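Take this structure, written in structure tokens, and hold onto it; I'll ask about it next.
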Amino acid sequence: MSSLLVPAILFFALGMFACLIKSDLKFPPDMHKMIVIYLLIGIGLHGGRAFINSPIGDAMPAVLAAFGFGIGLPIIAYIILRGVGKIDPLNSAAIAAHYGSVSAGTYMTAVAMLNSMNVTYEAYPVIMLAIMESPAIMIGLVLAGYSRKIMGGAQKGEKGMYSHLIREAFTNGSILLLFLSMGIGYVVSEPSYKKIEPFFEGIFMGALCIFLCDMGMEAGKRISEFKTVGVFLVLFGIVMPIIGATFGMLVGHYYLQYSVGGVTLVTVLAASCSYIAVPPAMRLAIPEANPSFYLTLSLGVTFPFNIVIGVPTYYAIAQHLAGQG
Amino acid sequence: MIMRPDTLIRMKRIEIVVDEEALGDLLGLCRTAGVRGYTFIKHAGGLGSRGERLPDDYALEEKNAVVILACEEQQAERIVTALRPRLKEWGGMCLVSDCDWVIGPAASY
Amino acid sequence: MSSLLVPAILFFALGMFACLIKSDLKFPPDMHKMIVIYLLIGIGLHGGRAFINSPIGDAMPAVLAAFGFGIGLPIIAYIILRGVGKIDPLNSAAIAAHYGSVSAGTYMTAVAMLNSMNVTYEAYPVIMLAIMESPAIMIGLVLAGYSRKIMGGAQKGEKGMYSHLIREAFTNGSILLLFLSMGIGYVVSEPSYKKIEPFFEGIFMGALCIFLCDMGMEAGKRISEFKTVGVFLVLFGIVMPIIGATFGMLVGHYYLQYSVGGVTLVTVLAASCSYIAVPPAMRLAIPEANPSFYLTLSLGVTFPFNIVIGVPTYYAIAQHLAGQG
Amino acid sequence: MIMRPDTLIRMKRIEIVVDEEALGDLLGLCRTAGVRGYTFIKHAGGLGSRGERLPDDYALEEKNAVVILACEEQQAERIVTALRPRLKEWGGMCLVSDCDWVIGPAASY
Amino acid sequence: MSSLLVPAILFFALGMFACLIKSDLKFPPDMHKMIVIYLLIGIGLHGGRAFINSPIGDAMPAVLAAFGFGIGLPIIAYIILRGVGKIDPLNSAAIAAHYGSVSAGTYMTAVAMLNSMNVTYEAYPVIMLAIMESPAIMIGLVLAGYSRKIMGGAQKGEKGMYSHLIREAFTNGSILLLFLSMGIGYVVSEPSYKKIEPFFEGIFMGALCIFLCDMGMEAGKRISEFKTVGVFLVLFGIVMPIIGATFGMLVGHYYLQYSVGGVTLVTVLAASCSYIAVPPAMRLAIPEANPSFYLTLSLGVTFPFNIVIGVPTYYAIAQHLAGQG
Amino acid sequence: MIMRPDTLIRMKRIEIVVDEEALGDLLGLCRTAGVRGYTFIKHAGGLGSRGERLPDDYALEEKNAVVILACEEQQAERIVTALRPRLKEWGGMCLVSDCDWVIGPAASY
């Protein structure tokens, strides 16, 4: 499938391969942080510009859909983890929260693929990207509280922590960067924007390649932890994005009525899961949960699945749906 | 030690490990307790009652800070007393041991 | 005022806002250093190119003005701090030295604003930028020596330190990078320059945004230290750049007779104060002075004042002056 | 020390330096030996029987890691016994000394 | 010579100058690593693209030449070091291995110079660049084994280490990045490549300047170690690249029959010596050898010699050879 | 300690904090004094007689380096004697304490 030959995806494979053959290739940790900052600002600015021609008022359905995904998908995930997998309540809650959120890396890969095929898309999905992290963290907290209640355990002085986490969900650096960059992209004048475009758009796709190469190495590292995580969870890490994608596809096509590109992006948002804002929040909120469970799932299973198989497939199905249109 | 007593003073060496975010509070507490010198190293990792903390982890970066301080015995006691109630809130541990301070022109203990 | 909607200034506001709402947004310290290196080389090269069409001989008045500012402004600052504020002599000397120097970040923001409005400017101010740091450090040393004498304190073995600092003022990494890059920009052939232009000019304005976002966070952090610094010094941090600007404006317009763009830049140089080369030099030269005084003033008061209010105002006044002819 | 015995417990402080690449193996060994807490600092440099190791060198970057752990005497003995045969393979050295652990709500030793 | 005014070489001089006047200019170590990663990917992609029009089958002679250099040059170097310089066997082996390998920085500087003069060159030298590191490490191991035998010393349990090093020679991060990026450059579609070109080609030459500035500082630092290394070795660091260049020139012109640009690049490959993959390998394989010998030679003598004198000279001679036709 | 004497040797542990720029000089002094092993950690911060030193500060980045070295008592004395006059010029402090060196195949003290 030629869409797999998008450089971004090839660089992801490069990183994963380097890790699997135990190469000593290693990117400095700060490099990763710097590229993430750059990419988030880039998506934000680009998203903000798109709104100049798309009335913000029309974003309401997208916002609703984002909240729906952020709240609904973790509940579905929790039910599957508890009911089918018999995973203990607190680990289930922590894992579930990740699936209500999104992966900016997956989203950008999808954008890279659409761009390289000259497929257009709506301006609204980027708003969903910015929104979905917060409700997912909230619902994770609710699920954890519920889990603790059914386990009859003491509610260890969470008051302070809860308000801390709710603050965190709204002051989180990545979310803020995305939102505020959208605002900046929206307000700056065209000549001003032209001056910063070479940096934030011109070299964006190249920088994304470096980012995905790094992500590939990280995903490769996590694969060695499949044993500790167990077969059920690995399977869950593949099935859950498919479930999310199904909802995403239906919502994108029938409710939001977006173009093929837009439906693909909405599907990717619903199918992907977080590895930026949610892990630290869950570590704080549910210290009893095992981080290697949710990190292995999000970075080692769902992320590579979406990059390599998911994104091209979602696009193909979106095309199919539109054809039936 | 055969060194003459005008070279060394008997002191306490305190070594504290806390979450890096709590370092500012800890150092504030030390200064309030009258400490006149300390050294800290950030970006440490560790294992403790709350599990592993890895400073270079990809998605879950958790850092500790190590604080080393030399002071007189009474001072040490003040610090330990002030620190104890807050120690586990900040994460971490505190070790006290004996050491000799090499006397120099400026005394920052 | 539409000039406030220059992306660079908006990113500064973004950083400051993130800091004030206590977001966990944080840029890696090395990222800051790398961008500074990049920006200094970029300004240098650009400045060097400009000289190809502007006879270097004509730079003499600018050099004189730079020395004048570097020596005169700290003396004025010292007199105000001692006379009006009753600040102790050594802190006064340390703070004063900062105001003879310049802030490359403020200068670049002004350049960004002029560029975005297609305003041209002379080649000479960049030479002043490179020069002003050194005399400011020197005069800081002189003021410190004078302060120590009037305080009757022992002249603690400064001989070695003085020669060290004088060396430092000329081998300082930032100044060197600026000067030598100017030289390189001047000598390379046009086709060679074209090859490196996309890196050093194409993406310059975008990188400046990241830099100012980082500066905004830093300035935001310093605001919490206003209490320890006191009302007088905070006011001084606003009044002193206005005094500097007045001199800059007069010198730029009447003595140097530059265009509106050039006058704006000269004004910015006189109004801004250093946070790169001078703080470490003063720390070494006047260890008795409290660093949080001069850092809070330069990063927390004067820098944001210049970025948000100063630069657009200086430009407006420069336009006005030019209109009067 | 004048502090009451309910504040401090006598313990051993172990300080190990190994090549940074061997840190994972060393910490694994510690966990296998039953250790419940340790702190590590990466990116250290040093001099030893294999010459200098410089963490910031341009072409030949070699890093050490320093591991500090506090534990009871018996535990310390177990660690030292398990560690000794592997120590020089991993590079480095191991020091043992006495210290006092400041008792807190959670015990991670 | 105007080719010396290529910005890349001037920035190398800038770095070296800053170091020699003991400026406090310092680039963050991670910056260096990041630029190396970026440059390697950039060369790889560019090389891969070049193969689209150059049948891979025709690369065979270049591959053979690469192996020839990688094996032959260290043997020559070893003989000179032992025979003429009376250097002890293990240090000789370690130093020799470096000269079979190549310096990507020197190669890129040569490419920058050719580009700035619009000289074209073949696609094959980049493959040689990727290949030459490995045979050089191998032959270094063989020489070390031989040295140990003639010294009659015990073969300290090297079994494990040898297989480790052979693995290392093929999974080395830099080599992998170069090879796999070549593959990616070769397979991606033209529109996809266009999207990442601004990052990997547009700003390449500028980033190379920063890299060479950093290298200049490093080379400058090494110069202070000339005393410990001794006159013979410093001379060797200049004579050996000349010997390598002679072979490179002959092989490039008569055997490979490349254009002036191609001959220049082959010459540079033969004349340059490694400071990326070989030093750590030798440190592991021959711990008895003194690292400051081989590092001072490769970074402090041969690298600057090639950058400042070698590259332009090799080009001039290649032109001359071609003229004789 | 119940460990047999063929496992541990009594030694001195020296811990020195200096300005990072002075690290090279300090290590040179140690090597001159005959030291055969040390470990250093850069990028530390601290408080002392010259006020705070913050390694991550924006405009005023000041770093300390921590050097840890284990050696025999006589050696320790040589180092302390050589170090004392220069210590405050380089900034910092020096602590000496007792420790046990875990004996291994290579001795780098």
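We call the chains A, B, C, D, E and F, going by the order they appear; numbering starts again at 1 in every chain.
By our rule, contacts are C-beta pairs under 8 Å (C-beta built on N, C-alpha and C of every residue); 3 or more make two chains touch, one makes a residue touch a chain.
Worth saying up front: this structure is predicted, and the values here are computed from it rather than measured.
Note on connectivity: the fewest chain-to-chain touch steps from chain B to chain C number 2. Seen from the Cα centre of chain B, the chain whose own Cα centre is farthest off is E.
Contact count check for D-E and B-F (C-beta pairs in contact): higher for B-F. Of all chains, D has its CA centroid at the greatest distance from the CA centroid of chain C.
The distance from the centre of chain C to the centre of chain F, with each centre set as the mean of the Cα atoms, comes to 40 Å. Separating the centre of chain D from that of chain F, both taken as means of CA atoms, is a distance of 17 Å. The residues of chain F that reach two or more other chains are 41, 43, 50, 56, 97-98, listed in rising order. In chain E, 30, 198, 202-203 are the positions where the chain touches two or more neighbouring chains simultaneously.
Contacting chain pairs (ordered by label): A-B, A-C, A-E, B-D, B-F, C-E, C-F, D-E, D-F.
Listing the residues of chain A that touch chain E in their complex gives 2, 5-7, 10-11, 14, 17-18, 21-28, 30-31, 112, 115-116, 118, 198, 202-207, 209-210, 213.
On chain B, the positions that touch chain F within their shared complex are 1-3, 7-8, 11, 13, 27, 31, 35-43, 68, 70, 97-109. Residues 12, 15, 17, 41, 43-50, 55-56, 64, 66, 73, 76-77, 80, 83-84, 87-88, 93-98 of chain B are the ones touching chain D in the complex.
By the touch criterion given at the top, residues 29, 32, 218, 221, 275-276, 279-280, 283, 287, 291, 295, 298-299 of chain E touch chain D in their complex. Contact residues of chain D toward chain E in the complex are 50-51, 56, 58-62.
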